[in-house]
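Okay, so here's the structure we're looking at.
Chain nomenclature is as follows: A, B, C and D, assigned in order of appearance, with residue numbering initiated at 1 for each chain independently.
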Amino acid sequence: MNDTLKIADKVFTSRLFTGTGKFGNHQLMEDALLASGSELVTVALRRVSIDGEDDDILRHLHHPHIHLLPNTSGVRNADEAVFAAKLAREALQTNWLKLEIHPDPKYLMPDPIETLKAAERLVKEGFVVLPYIHADPVLCKRLEEVGVAAVMPLGSPIGSNMGLKTLEFLHIIIEQSNVPVVVDAGIGTPSHAAAAMEAGADAVLVNTAIAVSGDPVRIATAFRMAVEAGRMAYNAGTAAIRTQAESSSPLTDFLN
Amino acid sequence: MNDTLKIADKVFTSRLFTGTGKFGNHQLMEDALLASGSELVTVALRRVSIDGEDDDILRHLHHPHIHLLPNTSGVRNADEAVFAAKLAREALQTNWLKLEIHPDPKYLMPDPIETLKAAERLVKEGFVVLPYIHADPVLCKRLEEVGVAAVMPLGSPIGSNMGLKTLEFLHIIIEQSNVPVVVDAGIGTPSHAAAAMEAGADAVLVNTAIAVSGDPVRIATAFRMAVEAGRMAYNAGTAAIRTQAESSSPLTDFLN
Amino acid sequence: MNDTLKIADKVFTSRLFTGTGKFGNHQLMEDALLASGSELVTVALRRVSIDGEDDDILRHLHHPHIHLLPNTSGVRNADEAVFAAKLAREALQTNWLKLEIHPDPKYLMPDPIETLKAAERLVKEGFVVLPYIHADPVLCKRLEEVGVAAVMPLGSPIGSNMGLKTLEFLHIIIEQSNVPVVVDAGIGTPSHAAAAMEAGADAVLVNTAIAVSGDPVRIATAFRMAVEAGRMAYNAGTAAIRTQAESSSPLTDFLN
Amino acid sequence: MNDTLKIADKVFTSRLFTGTGKFGNHQLMEDALLASGSELVTVALRRVSIDGEDDDILRHLHHPHIHLLPNTSGVRNADEAVFAAKLAREALQTNWLKLEIHPDPKYLMPDPIETLKAAERLVKEGFVVLPYIHADPVLCKRLEEVGVAAVMPLGSPIGSNMGLKTLEFLHIIIEQSNVPVVVDAGIGTPSHAAAAMEAGADAVLVNTAIAVSGDPVRIATAFRMAVEAGRMAYNAGTAAIRTQAESSSPLTDFLN
């Protein structure tokens, strides 16, 4: 079966997107990302903007199957986001962009108003925009209307590893969306990732849970398998929840 | 790394145990069980006790890597369990036994008192006993004391597909047990199975969720991958849950 | 202790806000609202806009302690909301307004963009605005900045009775807000209402769960008590969750 | 309406049972218990067994509406429990007994086997037995068969304040039981207590959450109200959970 994911003009065979933050060193990052099988890797602009660095992060991301997804992490409003996006396009030679606007330094929650405003402008300027947002079904539709390539609702606060606290709202988003839905933020374990895929998400983005693990390469492999397992289960159709028990085995009636 | 599971004298490379109930037909069952990679398959005594059946279930379970685990599904007390166990040993030529005693025909909840009584007798008679029980930490220790080979606490009611409702108690059981812990009943999706493995369970038993799926072979494959992913995550060490956000990316401070 | 709630210029002793929809008849509604002790009752514009109705709803809401809170239920954008708000002000002689904008007819999820736009205009026109919104911490701050009198984040989808699915985000909103936080939508049982108050919400709004109950007067009384209990617990400080057991009783050591 | 609870020969108007452990001092305990309205108060044998104590705990429990419920906290098997029960009957002049047997000093989980054994003996010796047990539906039925006056399944580990982790199993127990069901252990907040009552529990027992609060008298009052609210909601019939939104207000169609 051909179960690929298309976003804008790119076709992905892996539904596990990853990030580059928080790894102990660049080599470990590279090894983990290769183990993950990820074909879309987000990178903060700042990581790539310093000239003359000896061990530049980009060198470690230079693999034919890896597409870069610059992000605007740290910007606080639409103007800063558009500015950062253009710098990123210049520096990384790609018009793909993970749009993140979070004015709140403590919980890093995304700003729905500035995100929509920036998305609209960036789409008009030719960017392929993937906005990181709250799991807000109406906001997702409005972003879709201005032309984003996918939506990236959060599962729980960034870096919290709490999993799919927003599941009820992700169900609605997935049901209503005409663009791919990528669950981003809060996914702390492979089972969380599998659950997102079982719920019908098109992909997940995992960073912290891989980067801060005691064994990033192994956990990256685990996430890869869990995402495939969850997707496979979604395609097979998972069983419904029942409120009354039903025996798997025929009750042994020879005793009666 | 050599991460095998030993129960009594047998070594397993797969940590996904399966069952034979509820499949549409024997061939479909065989295909799904092969896809699952399972090396321990439980079968109800009644399924194998009819002479002269044309398409006997055992023929479909006859693979070198598959060990049979007869179960006593349907018995209501210790006496019936011991009687059924001996019949099963005779019929299937194995002293392994999944001990299930559930007097309640509606929710099929296991009986702790009769299970302990039967376990003690069966161990003395040379059986390798794996009892299916409530997620009761003290009962697990008492069963361990009488010599069971593993404990099989439930995740939620049989056939409910509700997942790990007993997680808080499974944590305690896993922490305290000196015999393998196999989570049985209630596992409805691959993400549930992965979560059990991440929590440190030694194995899971899945039947209904595979058998009643629209595509048992594919979902069996998904469960196989999810169990491996969950185990791998457990070995790698999963990330802790945080209550405050932490950005994966360095905040873009070039804007300041 | 004087534990009142102030919103704009009004002081409330009851923290249970209610609605008027879905009741079997107006008399039953009146009886239930009186039993609830509610001092702020939301009413849809359409209910009050028909001339010459024999049993007008307003007659049943005419009690000295009950303040009306007209809502804009059914409008799909800011323009419609402003228009409806002015009609409501005229008809009900109050500048208080529950601002609801939900373009989605299936799940009735609120629109963050139009809600902020309308809130800004209505505040400038002298309305006391209480917007119904997703549990989005940044949106709450932005609404606070344009001058709303309180924020009304949802607990779960309207009419779902699922309780506080958004609890993690409500915690953040409550921590950060400088205006009262009223949890609206999804509260299906008194225990849900108590949990919202224990989490530090300033008030809750309950409608469906009272109106469609088999006994609205009794359930309204139950909600009143639960809200008071939850608030009292919040003020007393609730106990922390522990991960290891601690006996309430001294262990009986005379046996040793 | 006359909604009292009968256990053995006693009729209770309050469904909030309490304990005496962990309070800062006896006077604070007395004040909190009076505020709770509780008519059944459990007390560990050891607290009352020291002669010549200046401020004996019993003096603070000497109120006409308060019945004492001695408990066997700390015993590790049936023999110790029976011995402790007889001492308690002698010392407190009551044949009521909360039977607690927990061999595990860390999590204080109850032992199902010893509890059933002790219960059978104590019932035969004329005790009114209320056993504290895991939320195990079959064990509850077996205890009922040997004549216990009520069953006391746990909500979550003692002192954990985690609430109703066992809710799925409590539903089954409540559906099947012919004796009163008292949820004991783990209830940390008034909303937890209300939820237990809404689920149909006959009563709850709360100790730690009251005793260790910063304001035991106020939190005791909150628990009293929450238990009444939850019971009232149960009697009124709570609303069902819906998976699709339904507006409380008529959608404002005058705009169309």
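Here, a residue touches a chain if its C-beta (ideal position, glycine included) is under 8 Å from a C-beta of that chain, and two chains touch if they have at least 3 such contacts.
Keep in mind that what you see is a predicted model, and the values were worked out from it rather than measured.
Chains that count as touching both subunit A and subunit B, per the definition above, do not exist in this structure.
Taking each chain's centre as the mean of its C-alpha atoms, the one that lies farthest from the centre of subunit A is D. For the pair subunit C and subunit D, the distance between mean C-alpha positions equals 33 Å.
Centroids of subunit B and subunit C (each the mean of its C-alpha atoms) stand 46 Å apart.
For subunit D, residues touching at least two other chains, in rising order: 107, 109, 157, 160, 162.
Shown here, the protein chains touch around one cycle, each chain meeting exactly two partners. By the document's touch criterion, interfaces exist between A-B, A-C, B-D, C-D.
The residues of subunit C lying in touch with subunit D in their complex are 19-22, 42-47, 49, 71-76, 80, 83-84, 100, 105-109, 157-162, 188-192, 194-195, 198, 207-209, 211-215, 218-219, 221-226, 228-230, 232-233, 235-255.
Residue ranges of subunit A in contact with subunit C, taken from their complex: 102-104, 107, 109-113, 116, 134, 136-139, 141-142, 156-157, 160, 162, 165-169, 172, 176.
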